[in-house]
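Which chain is which? They are A, B, C and D, in the order written, and residues in each are numbered from 1.
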Amino acid sequence: MNLCIIATGGTFDKRYDPINGELGFADSVIPAALARARMNAEVDFVALLAMDSLDMHDQHRRQISDACASAPQQHIVIVHGTDTAQQTAQVIAQAAHQKTIVLTGAMVPYEIDGSDALFNLGFAMAAAQLLPAGVYIAMNAQVFPWDDVRKNRQAGRFERNR
Amino acid sequence: MNLCIIATGGTFDKRYDPINGELGFADSVIPAALARARMNAEVDFVALLAMDSLDMHDQHRRQISDACASAPQQHIVIVHGTDTAQQTAQVIAQAAHQKTIVLTGAMVPYEIDGSDALFNLGFAMAAAQLLPAGVYIAMNAQVFPWDDVRKNRQAGRFERNR
Amino acid sequence: MNLCIIATGGTFDKRYDPINGELGFADSVIPAALARARMNAEVDFVALLAMDSLDMHDQHRRQISDACASAPQQHIVIVHGTDTAQQTAQVIAQAAHQKTIVLTGAMVPYEIDGSDALFNLGFAMAAAQLLPAGVYIAMNAQVFPWDDVRKNRQAGRFERNR
Amino acid sequence: MNLCIIATGGTFDKRYDPINGELGFADSVIPAALARARMNAEVDFVALLAMDSLDMHDQHRRQISDACASAPQQHIVIVHGTDTAQQTAQVIAQAAHQKTIVLTGAMVPYEIDGSDALFNLGFAMAAAQLLPAGVYIAMNAQVFPWDDVRKNRQAGRFERNR
């Protein structure tokens, strides 16, 4: 499958640590999530970063953009924290990769009851295969162009800018 | 959202009955699955049928096709049993609806550990929004044209005919 | 820990098979359930049988009773199908083991949403450690003497005989 | 059933808030957990406190002890944070209630994959019904007298003092 999944952390991949009682990062949940889809061919998975997107600096965003460039695939899903997904999308868009790049994430971690993570991963993997080249954010069962989306923090949803 | 979800039953929606110890049908799990996506607008949900697709006859398939025609939306996801999804897709395709109609299902019921149902629903909802008019089956993170797909029953996966 | 867990199958341990679409038996879920308890010492686990209790014959019940006798532990939990747990309890009681033996099971398989299996396992493991020698059935947050219990099949609950 | 469940918060009852991205307190999960046990009679449930046990002061512990006194039941389970369960147990023990009072909790919140909460609740509910009057902590499939237990914070387990 001409598709690559790049993990960068974010709520999607946060895991509970019973020793310190906090949500943090350990091994990514994404391989387990992908296994549920029972794909005919293995999809490439790159565990690039494991961080809260509020802690990202420009260097991290460039690192993600570089990973998009060096991936042999034309279609890319990036699992990212929702708080700064737009900033990363902008850095990627400015690099003009001529690929279809879809950022997604989750409002509730994969391993917590009622999580949207698995839904969003499925949604983003279809979007990345079907959309023309460009940079998009896929959340809340919707595809947004990277330059026409904002996170409504009160509602916990992504919406168009206007 | 210009999208309608039609439930017809199938493994996706099978639920355990503690009294008789069997998997069967009760209220559809789809509204709960959709709530996890935290959509900006409610999506239309039609609980049309609740049956094993091996028990479907032509009248059921015509009923599903008619529901596609009468839905005001242009984009439709049908949650269907995997065993005869192709037959239903054929009946729908012959009706030439000029809509984008995506059938999906699950290999493991939504409420059982490790289910692919939520992933498939997300995947199909993106596919239904992005594909041109036509009839498709979306399973295993892949979009198949309705006339080029078969279920490999040994592997529990959908694949191209050839 | 002076405690042994004996698996015999039953609803507790039924697992969904995505290929044939039915609930059946595979590796027991009990080791995974026990790991969640984060015990200080490993508990002995014996995977004796994996069957529906409606399919049990006297030889199976004697096999279970013999496993109780040969276990080095004084306290035993048997995970069993709910439909004939009383019959097995009677066979064990007639063997007069001078041990504390608690049968439990589940109305919903461990791996299905809303299962009572983990609750029942915890309940039975406390009961087996605290009750005097004898044979008991522990279900529905209650301890029943083996000769004063019946399964109310309409309600899906165990209750006293009278 | 001559049994009362008192909620005070703790990890057992922590819930994820998708808006602020943190674990906190909302409606208790305990009624949903109890429903899974399919009890013959409803058990009394008291939602007394909803707090991290590290934030408890003496007044909270006295409030819990008073709730034990005023409960009409002889057998009581207290769901409590694990970090200061011993201190609360001591305050309760000093009040000399002549009841069987069992404190339990969880290392992983009820609504997170792999949680011990449901197991611990079942274990504590059996212990509270079967132990003589006294104050106990039930964790890790073990019953500890209140004055011979400590939480090993590195291992995330309760153990005897020595």
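The rule is simple: a residue touches a chain if its C-beta (ideal position, glycine included) is under 8 Å from a C-beta of that chain, and two chains touch if they have at least 3 such contacts.
These numbers were taken from a predicted model, which means no experiment stands behind them.
Graph distance from subunit B to subunit D, where chains that touch are one step apart, equals 2.
The greatest centre-to-centre gap from subunit C, using C-alpha centroids, is found for A.
A separation of 25 Å divides the Cα centre of subunit A from that of subunit B. Between the CA-based centres of subunit A and subunit C the separation comes to 44 Å, rounded to the whole angstrom.
With centres defined as mean CA coordinates, subunit D is found 38 Å away from subunit A.
In subunit C, the residues touching two or more other chains are 18, 38, 107-108, 114, 156. Chain contact topology: the protein chains form a single closed ring, every chain touching exactly two others.
A complete list of chain pairs in contact reads A-B, A-D, B-C, C-D.
Across the interface of their complex, subunit D is touched by residues 11, 16, 18-19, 21-23, 107-109, 111-114, 153-154, 156 of subunit A. Every residue of subunit C that touches subunit D in the complex is listed here, in rising order: 1, 33-34, 36-40, 43, 107-108, 114-116, 118-127, 129-131, 138, 140-143, 156-159.
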